[in-house]
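Look for chain A in each of the two complexes below; its partner is chain B in the first and chain C in the second.
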Partner chain A sequence: MIDARGYSCPMPVVMVQKAVQKDAPASLEVLVDDPCAVENITRFAHNHGYQAAAQERDGGAFSLTLTKQP
Partner chain B sequence: MEPDIKLTKLADCAGCGAKVGAGVLAQLLEGLPVHRDPALLIGFDKSDDAAVYRLSDNLALVQTVDFFPPIADDPYLFGQIAAANALSDIYAMGGDPKLALNLLCVPKDMPDSAVHDILRGGYDKVYEAGAVIAGGHSIHDAEPKYGLCVTGLIHPDRVLSNAGAQAGDVLFLTKPLGAGILTTAAKADLCPADALAAAYSRMTVLNKGARDAMQGLRVHACTDVTGFGLLGHALELAQTSGVQLTLHTSAIAIPPEALALARMGLLPEGMYRNRRFAEHAVAAEQIELAVQDALYDPQTSGGLLIAVDPADADALAAALAQNAVPCAQRIGTAQQYAQGAHIILR
Partner chain C sequence: MDKTKYWVVGAGIATGLAALLLTAAGNPANMGFCIACFIRDIAGGFGLHSADKVQYLRPEIVGLVLGAMAAALAGREFRARAGSSPAVRFVLGMIVMVGALAFLGCPLRMVIRLGGGDLTAVSALLGFAAGIGVGVVFLRRGFSLGRAYPAKRADGFALPGFVIAVLALLLTAPAFIHFSQTGPGASHAYWLISLGGGLLVGILAQKSRLCMAGGLRDVFLFRDFHLLRGFIAIFLTVLLGNLLMGQFQPDLAVQPVAHHDYVWSFLGMALAGWGSILLGGCPLRQLILAGEGNGDSAVTVFGMLTGAAIAHNFGMAGSADAMKDGVFTAGGVPSAGRAGILIGLALLLLISLTNLHKEDPTK
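== the complex of A and B ==
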């Protein structure tokens, strides 16, 4: 789980990239509060073998679930 | 402030990416009184690059103002880019810049040498343009910002607005895209150094060579590509001219590093803003998303988008090459607009 709340672009996608490169997790949960980060992380996921589903949370935050595609 | 602090870290959004979105801007201007003056040939209701005011039958003023937070860490480079960008609006109208005034916002603790270097960058570019800086205004602000108000001269019959494109025109773009993506990645130290240096170098290039190349040719419309990205500015040109544009994406110069960074999701917020503003009028067909992203990417001190009569297209290509505008590309054509998308990507 990555908590990138409080970080503005491009930092959230950089944090996700580092986690994916390090462990290649089967799934990854990411919290962000920058709408641009939702789009950027989705772009990254689709180009790196992951599906991404975003859900709006209370207080303007978003949770993204990245799942590795088989 | 530490003397070695990075200028771009002081800014929330960089360069022309800080521009208020086109859609929001239209809302903000709505309802404001518009006082007509027959001498005002181009005003803010025209969404053009600069205002044009006729002084006599053969002389008009062209006036613009442009400023933004640091897009580069080097203060001298930032000053040069901000000035080249402000001067560009005059060139996009076909004008000749003559007089400039500085606009400067600086944090109280910014080192004097850094402030001096920003201004020196501005002076050098304005001098290169053949204009003079006559003064300016500076205030304290938490975030540094720099730019200029520029006044130029033009013959009223030779004003190049963005509203005159005609069916059959050939479209040229005089600088590569990708500046917003590359500088966004640089904020995370993920932009290859040579790609970033090349992008900065392009941003310091005046659009004077491109303006000179257009002289004497049947150029029907021109605009400079800045914060709204190629597609945002192309859409304004298409809508105000009442034409449809077909853009050949393979002919548009996009640095490969910018495409790779777009695929990694290193995209500036302004790209998404530009996409939301323009995508309803763009038929993107099967164009790769990263390429589309580059076309929506906000540019700072970008090139000119020129619509020229097809009979003069070869002459313009030759004149651009002669005026040392080596990246000028023939990127598409204009057609009669009937219905549907204003811009077709192929």
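== the complex of A and C ==
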């Protein structure tokens, strides 16, 4: 899991990019608290063969689940 | 096309149209919108510098911040937070300003100048891209200014409160506020038009995340062209508007509020580009983030205000070429400005190297 809360863009996407380039995980959970990061990570996921689902949590945070597309 | 693409292209077109309208309404040529110039004018209006041709409390800046705040509040995206290396961000704001004022424009004005046919800005665009490229290398190597943390909600209103005070001072015009009688500071649209243009662009820039530095950064980092669409939309809108109005002057001759010092325009905008990448966004984006409640960006804006004052007080700002009665007077970046750019580049290298983090992001 990547905890990118408190980081503003592009840092959350850079963190996701590093994780994807390192292991190409089948799924990845990312925590962010910036709506801009939700959009940017979702776009990055779509451009790199992942589906992204975002869920709003308490305290203004968002949980994103990235799943590798077959 | 997904919805966010519409927003960023729409924001770009609206920004371009606002720049054209504001110029037609009285703002300086090719300077319908310029964040660096307008913050410099506000610094002058406050008497923080004494360059008497660039002193005015620009309502566009007020509108940008309040528009972003209104959009963020309406969209439930207003978040008061701070604590991501605020002192470093203050310094970075100053450095970005020194680079931009050497060139005579922020990244937004650079695009507007290019759309007006000002080919003297081409070297600045190349420098801006080079600076972003250097910043991206450090991002890839683990550069970060650290996390921000939730702050008291009232803290998020620091910059919106400040710009409301700026507007109040503009409208009441007390004796201690300076207003240029000649020069770019004396050229301005009626305040309600300026405020309206700022509000419109502020709302759209908040919704779309429009960022001049982010456009090229995302292409270099992720091969993502999303934000670059906004950058291109501004350029094409201004270009088309200038062509239609017969104001397109594609040459290297004397251009409005510009100079021919190509090497130092390149280096000045390289400084602004690299600094913007370390900050996470261009000067426009810093205003928008501050309107969303980001205290670190508010500190950055105050750094830019200070940087503008220092740039003029220390004789570092560029001066424009002039043609009067057929006599050409060359402007350019003075020795102090060249020294400022080199010192700024050294400081950016220091800040970049001392904020590298190697940890695994998934840990």
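We take it that the second predicted complex is superposed on the first by the 70 of 70 C-alpha atoms of A that agree within 3 Å, B and C clash if a C-alpha of one lies under 4 Å from a C-alpha of the other, contacts with A are read in each partner's own complex, and residues count from 1 in each chain.
Quick note on the criterion: contacts are C-beta pairs under 8 Å (C-beta built on N, C-alpha and C of every residue); 3 or more make two chains touch, one makes a residue touch a chain.
Treat the numbers as computed from the prediction; the structure is a model and nothing was measured.
Superposition note: with chain A as the common reference, chain B and chain C are in steric clash. Taking chain A as the reference, the larger set of touched residues comes from C, when chain B and chain C are compared. In the superposition on chain A, A:Gly60 makes contact with chain C only, not with chain B. In the superposition on chain A, A:Glu39 contacts both chain B and chain C.
In the superposition on chain A, A:Met1 makes contact with chain C only, while chain B stays out of contact range.
Shared-chain residue A:Val14: touches chain B and chain C both. After superposition on chain A, the stretch of chain B that runs into chain C among 239-247, 293-301 or 329-337 is 293-301. Shared interface residues of chain A, touching chain B in one complex and chain C in the other, are 8-11, 13-14, 17, 36, 39, 43-44, 47. Considering their complex, residues 1-2, 4-11, 13-19, 22, 28, 33-36, 39, 43-44, 47, 59-60 of chain A touch chain C.
Against chain B, in their complex, chain A makes its touches with residues 8-11, 13-14, 17, 36, 39-45, 47.
Only residues 4, 75, 77, 79, 81, 83-84, 139-140, 144, 146-150, 209, 214, 217-218, 221-224, 226, 280-281, 289, 294, 360-362 of chain C touch chain A when the two sit together in their complex. Residue ranges of chain B in contact with chain A, taken from their complex: 12, 184-185, 187-188, 190, 262-269, 272, 289-290, 293.
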